[in-house]
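Following this line, the structures themselves.
Each of the next two complexes has subunit A plus one more chain, namely subunit B in the first and subunit C in the second.
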Partner chain A sequence: MTNVADPLAQRSRTTGLSVIVPRSEAVLIPLAALLAGSLAFSLFLLLVGKSPLTFFGLVWTAGFSTAFSWQNTLSQVSPLLFAALCVALPARLGLVVIGGEGAIVLGGLAAAVAGAVVAGWPPALALGLMALAAMACGGGWIATVGALRIKRGVNETIASLLMAYIAIALFNHLVEGPFRDPASLNKPSTLPLTESLRVGEMPLIAAHWGVLVGILACIACWVLIERTTLGFAARIAGDNLRAAQVQGLPVGRLVIGFTALGGAFAGLGGFFEVAAVHGSANASLIAGYGYTGILVAFLARHNPLAIIPVAILLGGFAASSGLIQRRMDLPDATILVFQGMIFVAILLSETAYGRFRIFTATYWEGR
Partner chain B sequence: MSRPAKTTQGAFSVEALNMTMRFGDFTALDDVSIRIAAGSFHALLGENGAGKSTIVKAIMGFYRATSGTVLVAGREVEMTDPKVAQGLGLGMVYQHFTLVPSLTAAENLVISRADAPAVINWKAERARLEAFLARMPFSVPLDQPVNRLAAGEKQKLEILKQLYLGHRFLILDEPTSVLTPAEADEVLGHVRALTSAGELTVLMITHKFREVTAFADDLTVLRRGKRVGGGRVADLTPADMAAMMMGEAPGPSTRQRAATTGKVVLQLDGVRAMDRSGLKPIAIDGVSLRSGEILGVAGVSGNGQMELMEILTGQRHISGGKIILNGAPYSATRTEAKQHKVRYLPEEPLRNACAPRMSVAENLAFRSFDENGGERPAFWKDSAAIARNATALISAFNVKTSSPAARISSLSGGNVQRAVLARELTGDVEVLIVSNPCFGLDFSAVATIRDRLVEARNRGVAILLISEDLDEIMELSDRIIVMSEGHIAYETPIATANVAEIGHYMAGHA
Partner chain C sequence: MNDFKVLSRRTFLGSSAALAGVSAMGGVLGAGSALAQTPLTVGFIYVGPKDDFGYNQAHAEGAAAVKAMPGVTVLEEENVPESIDVQNTMESMINFDGATLIFPTSFGYFNPHILELAPKFPNVRFQHAGGLWTPENPANIGSYFGYIGMGQYLNGVAAGHASVTKKIGFVAAKPIPQVVNNINSFLLGARSVDPTITCQVIFTGEWSLAVKEAEATNALCDQGCDVITCHVDGPKVVCETAAGRGAFVCGYHADQTALAGDKYLTGAEWNWAGVYTGMIETVQSGGTIDNFVRGGLAENFIKMSPLGPAVSDAGRAQFEATKAEIMAGGFAAYKGPLKDNTGVEVVPAGAALVETDVAIESIGYLVEGVLGSTS
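Here is the complex of A and B:
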């Protein structure tokens, strides 16, 4: 039996590049896609007669160059982290959920309404209840998408997108109707939260606590997926549903659980937007974070740890929007065009995995 | 004599002579010759993998044969491209429909033409279609969207489409597999009328002896890539055909078999479900499986075996009856499977039993990843245990992989099957449910896998072996049941098993 593949012998032969290069595929391909998207966007800028160099220079200045610009950037990061988790968690089960925006606005509304109810309570307890209300609302909303998929075979992408529109309509109805603060005249809002129920800024860093909680949530999700048996079962089901069924795995419960968790995080994102940024639920909450979160999750290839740097990068892009508008005389939709081009490049790059021999271990063995 | 052009009316002959087709080391067709006389209805019989599709694809120009010649109307033709075949008037009707469901029959016919104009003059086309149908022995409603037609009507339309395109030699690839017997008789009756009238020559791939005896003039039987028999249908009985198709009855297995008489572990009674199409009922009665035996479930593909597997794995809803395992109802949850020590080996393991984008090590851990010795499943994943498990199973079952971290989809078919077998046969196993374990595997992989199954049987495992390969059933089983049309048609112990009789029940002559 000389031809028996001994994995131990194999492992000792695989050293250095044959281990590192294959692993770098997951980083290099998204980076290449990011670059390709930026190049395509540069062409777009040249077509409208603007300088791409000025553009990227301004993104740097406004997003990342000074402490002040970092503060700007980080203020955008919290909702992006939570919204991206709402995409990345279901994605592990093979579901493309794009309706995180709905869970964010409903979560924000639930937090604001709960805040009005528990106004006199001890702040720690009250804030906890507000966060819980937000998570329950967001989680329930997205879990419905998962349940529709499992029980009725409804396409989760379309269901989540349409439910996001319903959520926004519901939000507008409630904020302009039953929950409207009579004092909010031009901009219908819920009752403003009392000062004790506002989430403040973290010491040293000029950003609210949502950023830290978001980062911790990303780490927790990574642990859930990579280190627990639940995450393992979810990966099996996401890769091959039939195999998961043959293994007797509770596919339905996994789908509903992961969609609920994703939605709960999006709802928590809404809570921080209300409690740390706006002080009440109003139309400012419908800012498209749920949609940018989709881009973040795809760029991070649904890896919760990678979501953190990607959210910071895209937060920087969003933060530079105002400066670009003023300095380059471009509409603020320009950033959306940029994001859209990156997204298309990322989606195209999905076909590139496994195509390059340079990323295979065998290519580097014996070199 | 000129080449038959599209406009030629009437049937012509097609001959494929000394066709050999190799894919790498594998010989799919070995010096096979078929002669289909003008205006005849020729049946092509054979088990799965016998080479029926290969020779048909070579005739139609989808494959280029390694060697051999194709003669159309007596003239040698280079079948380099399907377009050449179509240009000569050769057409193919597939098992599944190729019509556009939302368009009407008339629209489907007109757009199928290669020369359909960009702007269609429907009035003129309509008149031409009516004239065309008037010449045909059967017709279909022209103005109904195709998705409102019954399966039989759709298949008639497929055949009309070929005739409308001017094809006078048709290959029908299991044309009745989605039809009811009555629909099948009607469609094939019309085809038969066309061949008798000298309008058409037909080569039909089929599994069903009944259709061969009722409609075909001539017959060719393939087995393992070789022509093993044929002749005029009138001179042959279904038993002859079964004997040719199944080959010589293999002797009982040479593998060491321990004498085992176990208790009944699995019982299926009154189990009712619908098949994939949702139209035909599946009814499983009186199946019992004992420990220490291999119960072979024979049957021609598509007679409910896939559904039986899905019922047993909990993937198909059952509308009646119960699966009884060790006296308790069983619904294939992970807890129950673990408690009763039930394992599965589905067919096409990469598609049905593996997560292709996960690593070999991870795939090997599907049974064990949530075990921690206790009653409840573990919460934390033990990566070290997964790696240990992988190393042990890879060497014990001789799985050839570049590394345990390689994606399982990078392995060859035989190694994927060995990996799945390693996973499912390791640990305490009482019941093993297997479906077509050796599909598409090479000789040595087949031998190891069958050895492992017999070895497990000798250890006292109860094995349900669903297989479309009758040789495999005959070689491995202690007892054989035959599935036909979604129910159990026949049962026999191996000692009295007779291939011709089994073939008879497989072909639906209950």
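Here is the complex of A and C:
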């Protein structure tokens, strides 16, 4: 249909293709992996004599079908967004940090303690200070992991995991000891936040403001990584550390900066858990969001923009877990098995990138 | 505290009889029968697995008893963390399954989760295990708990007779009043048999942390403790480890006879089956459950596991005698003069703390004879 003689049309067609086709690879391959994981899980369900159709129907019903389902799903999303950023940001520098849980609980504790100190202050200022305290605490914690890596060559994966255990032990010690509200008898907690220091729900959507802040944080991180020189330097260091050093890039400062930023977001996630959900810091804060965040970040292939839909998807899975337990008489681990299968499929699909000619513009131009 | 209603057996029987009378009258008038047959959807939410041989299993056994009742649909969900998850679970049970009575059974579900949700669903009744309701809280929340310290006291009596080394051990989760009271009661029960007995306590710091529970049990056995009990969510690891090391076991939360075999002396169990079926009957007959109910052995809130074969005749006799005393009411485990394990007098001579004493609910000291500290 196109007039081949018209060089202008030819050119625009080419640029269109060269933009769309390579990018579709990053969307289609994960989607195919999602499908493959779902199919494998369906086989598993059939093996135990349950209907995959009922299963996916219930996931839809409980996670996405009604306003209540969306509220249920979105209420799970906020901590996942922040926890995933704590994995994705260092990952762009080639670091696998899996201890975001530690930054979340310490961030939450810092927010609760700061909240007790600034109780009488104007709410906007007080909330800002609480969030800052949480980010400083979480950021400092994960930056230590980065510093250990750069200064001492300590493996960041192991260090972050072990430091998460230390963080939880420290958290328990502080909540049950120095920061304990004497009135919290059988469930040791910090002093409850005053009503003015609670983060409420957004208008129209029955989910707290943490969801919106988390989404904005993801977008900001995407801009940082893809559209700034700093992010460019980080990507180079992540792809080839030696080359980055030879180029004279400040690798040490990049690593510490990105781990600190990731940790700060995890800490902010802890702040929202305390200020929007729990109202004080106690053992309920140790809910494993930091670990689910690892899954979210890997599924999103450490792309901060992709974290948003993945977190919503996993939030929906989590929201449907209960209905699946109740209606299908399956154990609560069912959703975990499902997530695990998808995770494996996505990891396997990593090897597929660059192997299919249909994802090159030249393939389509040649037709 | 006067607003709290303690459900004694007499008032329970009285009100049940009155309710039976009302429903019988209703039957005659042809109105109550329709009410009784309104299908009731009841949700049970557990913080851990419902087959944990412990806290959650005790509640699940109660749910199983409710399931057997006519006109009731039971929903169950396990491993629900004390986070926004439990709010979502409760709302999901209400919105998708039409639940009108919900038993969120974990202590930490109350604040903020139940408090947050109850005002949004005034027609749903939230029954929380833990005894936290106060008159300022919404009226559609109820709270209930049992005096299980008495069960640990009876465990102590059985342990006192079985121990040869005169050292008994306690694997504890966190140093909070409920746990501290259980430790004290266990030792005081044992000291009612032999006042030279000591009890070594180890806190694991978590409600459910199998590795530490096993380590703690082994450490207690290494130190010569020959009867072990615990207060953790799932006593499975403690029971099996202790029995495997040749120590006797006193159970907690649920019946663990199957785990420890001949080494099982007895156990302090919750009796939620009786409590829950009673509450459902109240609702089915159109009544309202009291917002705050508590009870002990006499009120069928707690029960003891059947005595194991290792309990001597003398042990059996004292166990039954003490149990009868507790059933009679007004029993005190803490009798003055009593010191804590740092030498400070906590109950003066002539005074006593009976099982219902509110002072026990904020207890922070370990009594003399308990080896260990809460900090």
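Annotations for the structure displayed:
To be clear about the criterion, the second predicted complex is superposed on the first by the 349 of 367 C-alpha atoms of A that agree within 3 Å, B and C clash if a C-alpha of one lies under 4 Å from a C-alpha of the other, contacts with A are read in each partner's own complex, and residues count from 1 in each chain.
Note that in this section a residue touches a chain if its C-beta (ideal position, glycine included) is under 8 Å from a C-beta of that chain, and two chains touch if they have at least 3 such contacts.
These numbers come from a predicted model, not from an experiment.
With both structures placed on the common chain, the touch criterion links A:319 to subunit C but leaves subunit B unconnected. After overlaying the two complexes on the shared chain, residue contacts for A:245 are found with subunit B alone; subunit C is out of touch.
Touch criterion not met for A:200: it reaches neither subunit B nor subunit C.
In the overlay built on the shared chain, the residue A:128 is in contact with neither subunit B nor subunit C.
In the superposed model, A:188 lies in contact with subunit C only, and not with subunit B. Using the contact criterion defined above for the overlaid structures, shared-chain residue A:284 touches subunit C, although it does not reach subunit B.
After overlaying the two complexes on the shared chain, residue contacts for A:230 are found with subunit B alone; subunit C is out of touch. Taken in their complex, subunit B has these residues touching subunit A: 313-315, 332-338, 344, 346, 351-358, 362, 365-367, 369-370, 377-381, 383, 390-391, 394-395, 398-404, 406. Touching subunit C in their complex are the following residues of subunit A: 61-62, 68, 72, 75-76, 169, 172, 176-177, 185-188, 273, 277-279, 282-285, 287-288, 318-319, 322-323, 325-326, 331-333. Every residue of subunit A that touches subunit B in the complex is listed here, in rising order: 1, 3-8, 10-11, 14, 226-233, 235-236, 239-240, 242-250, 361-362. Subunit C makes touch with subunit A in their complex at residues 75-85, 87-89, 91-93, 95-97, 107-108, 111-112, 130, 174-178, 205-206, 361-362, 375.
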